[in-house]
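Across the two complexes that follow, chain A remains constant while its partner is chain B and subsequently chain C.
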Partner chain A sequence: MTAATLGRRSPPPSWLLGLAGLAGLVGIVELAPRAGLVDERYLPPFSAMAAALAEQAATAEFWRSLLETLRGWATGLAIAMVAGVALGLVIGGVPPLRAALNSTIEFLRPIPSVALIPLAVLLFGTDMRSTLLLVVYASFWQVLVQVLYGVRDVDPVARETARSYRFRPFTQVRTVIWPTALPYVMTGFRLGAAVALILEITGELIIGSPGLGRQIAVAQTSGAVAAMYALVIVVGLIGVTVNVAARATERRALRWHPSIRRDLAG
Partner chain B sequence: MIKPRAALSAAVLLLALTACGGGQSAAPEPGSSASGALNPVKVSVIPILDVAPIYLGEQQGFFAAEGLKLEIVTAQGGAAIVPAVVSGQVDVGFSNFTSLILARSKGLPIKVVAPGVASTGVAGKDFGGVVVKAGSPIKSAADLAGKKVAVNTLNNINDTTVRASIRAAGGDAKNVSFTELAFPDMLAALDKGNVDAVQVVEPFLATAVKNGDRVVASNYVDTAPGLAIAGYFTSQQTAAGKADLIKRFTAAMLKSLRYATDNPDAVRQVLLKYTKIDAALTGSLTLPTFPTEVDRASLETLAKLATQDGLVESSPDLTELLP
Partner chain C sequence: MTADPTGAPARPRSATTAMLDVRGLQKIYEGRGRSVEAVRDLTFTVAAGELVCIVGPSGAGKTTLLRCIAGLLDTTAGEVVLEGERVTGPPPGMAVVFQEYGRSLFPWMTVRQNVELPLKEKKVPKDRRRRLVQDSLEAVGLADAQDAHPWQLSGGMQQRVAIARAVAYEPHLLLMDEPFAAVDAQTRADLEDLVRSLWQRLGVTVLFVTHDIDESVYLGQRVIVLSNSPTVVLEDVPIDLPAERDQLTTRSLPRFAELRSHVYELIQLAKSGHRPA
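So, the complex of A and B:
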């Protein structure tokens, strides 16, 4: 982080290199089909994708789908965050409970969310709740496990001190556990945000719940290849935005923390 | 104490995004302006050419005229539709008849309530067919024996009708190797030579012809004249519990099918609304027939094929399945 910021003065700046990388990718996607390296019917040149994207962006359906995807992602992530943090603090704070649930968590956590698609369809049909179930399931474990690590990391001396001063449980959580756990919570948030987006798009694509994923599937079954790639590009851009926003949130929430504070680093 | 505030503001942002999205879906449908409350009817379909009449009927207000507020839910495949109908998540679903015969023979309580699509009955001018590359040695359905043919679902309507097509041409239907591929992937696989022939439906059939590929068999036409392919179905619980709703759905659906038959240009137009088929291509698509009666003979044929090819042990009671 620090290196990147300082690097601004010495050429070439890293953001420019990043842009050059992207431009290179665009150039390859434009030229490969034109040069006949790949079949234009199955991988159209970038300019055709951009034209299809402009066409999509002119429709109300595109913007509605975009909103539906963002809404599904945000709702799922919000539920997973609240549930993961609350349960993580409770389970982590009571050692016998944590010992009792450890094996259960380790059993449930690795189940791929997509394996739950048949169950979700049986429960909720093909509406957005099916996809929401997948999103919450996948991102919940990311958050919960991080919170559990965070709670375990609390300095025992600080914990004992709070106890001997007879802090009430809520005060203990607020002043001792939360500041220690927060970096872990933010890691869980960042991981959860990425996983939630993956499952949101997967659900829309496979189940057919409303959103950009479904639009990709409709473009595919319509044989509209350029439109399909255009929507895939949009989903990719959302992914980048989510990642950048999650990192920014993390930095902001943890600006007091030694791992982020620039005046301490280096 | 600034630190938790940033985390809190992130949470608020998430919730705000959630909330503003929620308001959007609560907006009233444009079609529900008719006086009095309309009864909602939820229909699950796959967004393909076959279901154009239901979108047309919605546009023309045929469902509102029957006092129905049509809610179309799209699914990516029949696999998701049957469970949704049986569990009552949706009132009506769209599926091909072989799938319904298979489901019925497994004891699923389903019932056909309206016809959907049928073959045009004209060889070489149907909405589905078997396609090979221009230079392929395969000249007729009989030549498919011993070749690798792609169908969208194994042990379903398309491989059984392709076999029927081969038998009709005097070929050895047992000796075909079918492989499963999604429709959008078929033409690329054919190009690369991964398969010898593909069974496609519109819009991929028109695309194939445009690419210079050759149609060697119209498998639906070869199976039976005017073969009924698919239709709308409900569960027996819904049929009994919401008998009036289903009756009105059937009435509106028949009106929609008739309208689609009379206005092929409107069908091509409405495709642009719910699919992403290239506007330049819609004119060259071969439209299916939209029948207004469920053809029992077609279902008997499909049930016979399903039994013959070992998809089911014995044909289910079609009277139970038919309206």
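So, the complex of A and C:
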């Protein structure tokens, strides 16, 4: 400890380094077009993007689109979470059912959600429900598969303890299976949240359901390149915020878990 | 020692009322294309209020036997009768202390919640539940650790929590499956004395499975020695040591040494495949 502090200065905190990296990216995006390294028509300098973002933020259209995107994303994710967790607990808790459905799940899961776009359009047109279908389909599998792993992870000794104290099936689910599966549910939530955002934007871009994705497409076709980038940045920020929030929730809910706790007894 | 903290009802202790009756127990594990006979024919009884130890060479089916008694495993033949009722699933008047305390306690709950949960499930009223939790944690010397999580405690303390949970449940039969196999020697001696004192205070019947010969002689009123697998009872050894035992004097008694040697010889016989005629 003392040797280290004397020998060399302690490295700067990781958040500072992360910020420096981000500043570097902004610097490059600002300087490269100005120096003529890239065509300004396709990559305007960062300051132009920021200006376009400020301009966007002054319009009601932008805020309405942002709200549409967030609503579609949250609704889809919520449906996927509820369905994934409920079905995961049931399928995972009944071994014959699990064995019967295993191959079906393995077949349906890898189907890329975007492959369902034609079907979604046939069913719902350019309505927000089309995009919702994609979002739910994509994030549902992420959640379901994680919950299935989680249910399988229940310690046999914990299970026998619960049985020997004659816990009712519901109590076993609530006090043993659910807490064991919770870390997996959290992972499923984080993965599902990321995938849901991707599909929400994809749906809006391609199907044209209302939201930021459609605004990006509109900006692109009308040649508002800086505005297009500004919207892309906003979408990126949503992604970062969601991930940070999910991790914070995870840390709070899983204080007891070996990956987060600090054992006093070695 | 004040009033009996768990209020275990006094039961008549006569030879005719067996707490536990194991008759002709056989367990064959059926695997794919092959079956393994772990336990062949076990018959013994445990009277109410007794402390009986079961020892056997490793792989003697001790854990299989205990799981059959606990109703966690179906028997192939024979039966287990607890308080006159045939065991088909985990019976109400029983608690099990497992060897793997770290996995038997729930890490997402505090010590108090761990002890209290089975009582909630048993629908014990809140006031009484509180008192049972408090008394049992006091009895194992962990009244101050109620709000800690199990993983914040040492191994020996974790096993004390598991014992407190079992004691608070007010079982008539307490099953212990090599509970001290994973703790260090000093902690082990303390926990052995804890089991003796809880047994004497509460009048609970204890069936204690171990592979440790010294431990079985020190703890038990009887030691049932098992053969190697497929298991039968090799000998039922009465332990005629004084009821008041302590680590130093009891273990240095000549009679302790004799009993220990006798059980040791039986285990050696069991290992070499000897079976009763």
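What we mean here is this: the second predicted complex is superposed on the first by the 249 of 266 C-alpha atoms of A that agree within 3 Å, B and C clash if a C-alpha of one lies under 4 Å from a C-alpha of the other, contacts with A are read in each partner's own complex, and residues count from 1 in each chain.
Criterion: a contact is a pair of C-beta atoms (placed from the backbone, for glycine too) under 8 Å apart; a residue touches a chain by one contact, two chains touch by 3 or more.
Keep in mind it's a predicted model, so treat the numbers as computed, not measured.
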More chain A residues in contact [chain B versus chain C]: B
First, second, both or neither for A:47, with chain B first and chain C second: neither
First (chain B), second (chain C), both or neither touched by A:127: first
Touched partner set for A:179, first chain B, second chain C, both or neither: both
Partner chain in contact with A:163 - chain B first, chain C second, else both or neither: second
Which of chain B and chain C A:75 touches, first, second, both or neither: first
First (chain B), second (chain C), both or neither touched by A:243: neither
Partner chain in contact with A:256 - chain B first, chain C second, else both or neither: both
Footprint overlap on chain A, where chain B in one structure and chain C in the other make contact: 179, 182, 256
Interfacial residue positions of chain B with respect to chain A in the complex: 2-4, 6-7, 10-11, 14-15, 17-18, 21-22, 24, 44, 46-48, 73-76, 80, 83-84, 87, 89-90, 182-184, 187-188, 191, 203-204, 207, 211, 274-278, 281
Partner chain B, residues of chain A touching it in the complex: 39, 41-42, 64, 67-68, 70-71, 74-75, 77-78, 81-82, 118, 121-122, 124-127, 178-179, 182, 185-186, 189, 205-208, 214-215, 217-224, 227-228, 249, 252-256
Complex contact set, residues of chain C against chain A: 67, 70-72, 90, 92, 94-96, 98, 100, 103-104, 106-109, 117-118, 121-122, 149, 151-155, 157, 169
Of all residues in chain A, those that touch chain C in their complex: 155, 157-158, 160-161, 163-168, 171, 175-176, 179, 182, 256-258, 261, 263-265
